[in-house]
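Shared between the two complexes below is chain A, which has chain B as its partner in the first and chain C in the second.
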Partner chain A sequence: MTNNITNEQKAKALAIISNTNDSKLETHLNACVRCGLCASSCMYYLTMKEGKYIPARKVDLVSSIYRRYKTWQGAMFPSLFHARELNQETCDEMVDSLFGACTMCGRCVKHCSIGVDIPFLVKKGREMLAVMGLVPKTLQATVDAAVNTGNNMGIPTEEFVDTIQWMEEELQDELEDEKSGIFLDQPDKNVFYTLNPREPKFFPLSISAMAKIFYAAGEEWTLSSKYYDVTNYGYFNGNNEEATQIARNLYDEIHRLHGKRLVLGECGHGSRAMRWEGPNYLKTQYDFDTLTVVELIGEYIRNGRIKLDKTLNSKVVTIHDPCNLVRNGGLLNEIRFVVNAAAANVVEMTPYGTDNFCCGGGGGALAMSEYNERRLKIGKIKADQITATKAEIVVTPCHNCVDQLTQINHTYKLGITIKTVAELVADALVIES
Partner chain B sequence: MSWYIWTSLVALLFCVVLLGGYFVRLLKHGSPKDLSQKSGNIAQAVCYSCIGAMSPMQKESAYLHLPTYTAGIFFHIGNFLAIAVYLLFTLAVIFKFQIPIESATNLIVMILAIVIFIAAVCGLALFIKRLAKKELRDLSCADDYISNLLCTIMLFLTTYSLLTLQFGATYYIIMALLFVWMPLGKIKHVLYFFFARYHLGFFYGWRGTWPPKKAIQYDK
Partner chain C sequence: MATLEIQGKTFEVDGDGFLTDPSIWNEDVAKLFAEADGITELNDKHWAIIKIIRDNFEEKGNAPMVRTICKETGLKLKDIYELFPLGPARGACRVAGLPKPDGCV
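And then the complex of A and B:
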């Protein structure tokens, strides 16, 4: 439960939905007709079967406050138009629904009979909660770590450098070439590569997999030892200042090292936050090329810079489409191009692509341990999708998805292997001596 | 001209001024400002958003709920037709021109009346569904019921008026109430719907998601 909302908090929150110059905001705040048909597109509702999980209810949490304070009919006749006071009760409901029951995957948007951008409004609601200081502490701690240390897991630079050096030695042993490496803080490189901090912390092999691909492609690349974190949980906590700061870390670092291309590591929301939202946070157009690692690998394959033998990956592979890369990022075919070049037997989930269900780990859900039970419960949908494919390997270009899928794998005893795209491609690499 | 026709015209003016105001304001705001590097075609995506993406085959809200979807489509068609009927017959009164319909058995009138009657029944069904389903009831507010009822009653009255060729006080009063409610309640989605489709097209078009690309077949 939150404490009573002060007038100052209320004023700050209402300012978020008072932007009178925003056509998109005004449109979506007024467009929902509460038909409730979005329910069957939301994994929370499909799993829980409770009215509070219907996406339209989440929209209504934000739009009812807008009607109460920003429309004269709502102010005069609140009960006629369901115009709600912004008070403690509303805020508690908003925290539970907008943070705890929505991954902002956007699946409901495509299927909405009107076309209301539901995650856009959920994000606005999160922004309102953020300015009131009502972000769940667990999520805020993740953002604080990124703001204070440069990465969301608070990995000290020395520890990161040690991990990288260890992986580099392993790589050189494997490739039997001392010129191969995982390069840190190298200026003027073509590729400035970024990582999800889960990689150095838990999955260092995915770093060496990508290093192997860079080696095979003859790429000139570097990581920063300080600002390598592609994630941006500031996008999820609704605090735009913090999101801007995190985006600025990478923006400044690529300039410091004179990198030519910012390559976003395998992270759905991080790619979205840096590629699509970043320039708007920073209020500037990038003066460097920005692309995801999937697109870069696709480029290597097309240009013949790497050779793959798909028979080296002969097990049945299925793709989990990260919402922020496919539905909200346009990479549907590019992911398929790369995965099909690297694996001999690829099957699709039903549904897949822009209709795919979120794994359940998006929207900052992985960081909010208070909702763990709910998160794993909704993961049943993904577990069933995977089981139906009979795949042995699930590949996904997103480390948060990998984390959630790993937990789903354990919870529902799927017996599958989960890989990133780089890991799959590295396994199929043909490196000529 | 009767007082009730005047009343409906004043209400229509109120509706047009308010909705027109919203429309102009939204247009003035313009498209979202996006500084990221565009990767798709906005115009094509907006077209897709308004046409292809609205196909019932593309929407779970349609193909998983066919009875509701069908009722909704008829309901909307009926509403637009009924408003067209109002405008036609009211203009005929104002400008004193004769609509070339001699009797209610005229084929066009009959077809119109049947379509609008079906729409009215669909509206009633949607109203009952909203009342009957707990989750939908919990989601609803007075506006949802008032908006539906006004439209449904208007559709029944239009059917009756067409079949009798008598547009009386009750008909015009209901039209007036509908016009007053339209820009205040959720019926204003008649305007916001189109802007919502535009913004979706803009969003997905910018990122290259819409229009959807054809799936590539890969050799096994």
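And then the complex of A and C:
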């Protein structure tokens, strides 16, 4: 194999694992005891049954480079200490394993005997690949669109506005109230709401569902016509500068419009990137409230601001827990509170909650055509979980999961309906005139 | 580069099964791709959607908003989701021979 990795690329990549002030990085790079317990927690390994898919092996790709360049034992006796050169072959394996065979779902962390933060190290590996310019093209295209246009699908503002106005007209017809609306660029509102661009582009009914809930709650809210994108694929491609810029778009826009509460639309990684990572990217504390739309709906229910009739959703419903909102976001109980208030017949998958399996489309996988076949293969685990519940509706507060579940539904002929939480809640709304 | 074989014909596609070279698309390709998705016959409504998507792509280089598809064809959103069960992107745009749109689709 020819080595196309330049010394400059190598130096940049090694700098990422050379920060001796980062105690978490140092600890986790040195922590794996190779017990193997993580193997059976990983969808890729469970499906493909090949050693390279074991989470510990993915971690080892990163830590073996660390040993080669940052420990004297690894530098002197590389084969003895399983230390690897950072060369073309290693990079090819890293791209294939860290981008192409990990959704960063974190299920392995729950099953790790000593609690190694495996997705954290996978992310470090991705950062190394990003500085070397080795991010898969399709994933980078999604980040580029967000950086260059303000949203990850490159939707021009006038087309966005046209769609919102169309949805607003339909909403006003349905509610028979001209005061209802989908508000754009309004300053000083209590709620600054955000969307996944796939909503305006292809699936706008979830926008009107949420508008209906805001209407019922008597909320003062707005969308921005320019910066409404809740996603941040910079969290996945490993380019922290791009992730920072994308987070800054929302941060600056909520300030420009003097919004009080940043409400993150139904998006797992976007919520995580903006809520937990954002202050680190931007090196600042937020001076506004940040919460997910699931928590906001929960608040409306508790405060009696909306009334729901759960018998309006009488079909069997199961919940798909998005990894970035449940295992890594703390929404386990809140999702259940909201879904059980909106549906009469809710059953759980096995396993569920913090031990739930990823949909298979996380970690940027949905955007990476290169690994489509693997994504659908591992999705079989989710398909079987859903089938076992006998549910007719799968509800999930993440548009990325919705898209993967739609493909799984089609591929494995599940015959289910997939809804966002807002759509389920809107169907149960009792609006008193 | 992946290939997709449908009824003895081979197409160069990306990993998601979208045509690599949108310019080789024609109506026969659309029929074959649709059939691979379980749509056995493309009716007038399917063709109307496909035409809007192609026209938009040729004019602007990307997929139209679903708003444009509804406005130009007079179809309801519900109809579009029923006609193409995989949705406007993975369903209709793929049959229309477009590259896969970026983002969560």
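In the analysis below, the second predicted complex is superposed on the first by the 430 of 433 C-alpha atoms of A that agree within 3 Å, B and C clash if a C-alpha of one lies under 4 Å from a C-alpha of the other, contacts with A are read in each partner's own complex, and residues count from 1 in each chain.
Assume contacts are C-beta pairs under 8 Å (C-beta built on N, C-alpha and C of every residue); 3 or more make two chains touch, one makes a residue touch a chain.
It should be emphasised that the depicted structure is a prediction, and the values quoted were computed from it without experimental measurement.
Undergrad: Put chain B and chain C onto chain A via the superposition and say whether they clash or fit.
TA: Once chain A is superposed (C-alpha atoms), there is room for both chain B and chain C without a clash.
Undergrad: Can you tell me whether chain B or chain C touches more residues on chain A?
TA: Greater contact footprint in residues on chain A: B.
Undergrad: Based on the superposed arrangement, let me know which partner A:Arg327 touches: chain B (first), chain C (second), both, or neither?
TA: Touch partner of A:Arg327: chain B, not chain C.
Undergrad: A:Trp166 contacts which: chain B (first), chain C (second), both, neither?
TA: A:Trp166: touches chain C, not chain B.
Undergrad: In the superposed arrangement, which partner chain does A:Lys315 touch: chain B (first), chain C (second), both, or neither?
TA: neither
Undergrad: For A:Ala344, select first, second, both or neither according to whether it touches chain B, chain C, the two together, or no partner.
TA: first
Undergrad: Per the contact definition in the header, classify A:Val109: touching chain B only (first), chain C only (second), both, or neither.
TA: Once the two structures are laid over each other on A, A:Val109 reaches chain B alone.
Undergrad: Applying the document's definition of touch, where does A:Ala31 land relative to chain B and chain C: first, second, both, or neither?
TA: The first partner, chain B, only.
Undergrad: Under the stated touch criterion, which partner chain does A:Lys260 make contact with: chain B (first), chain C (second), both, or neither?
TA: Touch status of A:Lys260: no partner.
Undergrad: Looking at the overlay, does A:Arg302 come into contact with chain B only (first), chain C only (second), both, or neither?
TA: A:Arg302 contacts neither chain B nor chain C.
Undergrad: After superposing the two complexes on chain A, what is the shortest C-alpha distance between chain B and chain C, in Å?
TA: Least C-alpha distance: 25 Å.
Undergrad: So chain A touches chain B in one structure and chain C in the other; where do those two contact lists coincide?
TA: In the superposed arrangement, which is not itself an observed complex, chain A uses no residue for both chain B and chain C.
Undergrad: Mind pulling up the chain A residues that touch chain B in the complex?
TA: 21-24, 26-28, 30-41, 51, 54, 56-57, 60, 73, 79-82, 109-117, 275-280, 282-286, 290, 326-330, 332-333, 336-337, 340, 344-346, 353-354
Undergrad: Once bound in the complex, which stretches of chain A touch chain C?
TA: Touch list, chain A to chain C: 138, 141-142, 145, 152-155, 159, 162-163, 166, 196-198, 200-205, 231, 267, 366-373, 399-400, 403, 406-407, 410.
Undergrad: Within the complex, which stretch of chain C touches chain A?
TA: 14-18, 37-38, 62-63, 65-68, 70-71, 77, 85-90, 100-105
Undergrad: Could you please specify the touching residues of chain B with respect to chain A in the complex?
TA: So the residues of chain B touching chain A come out as 22, 25-27, 29-37, 39-40, 49, 53, 58-62, 64-65, 68-69, 72, 133-136, 138-144, 146, 184-186, 188-189, 192-193, 195-197, 199-200, 203-204, 206-209, 212-213, 215-216, 218, 220.
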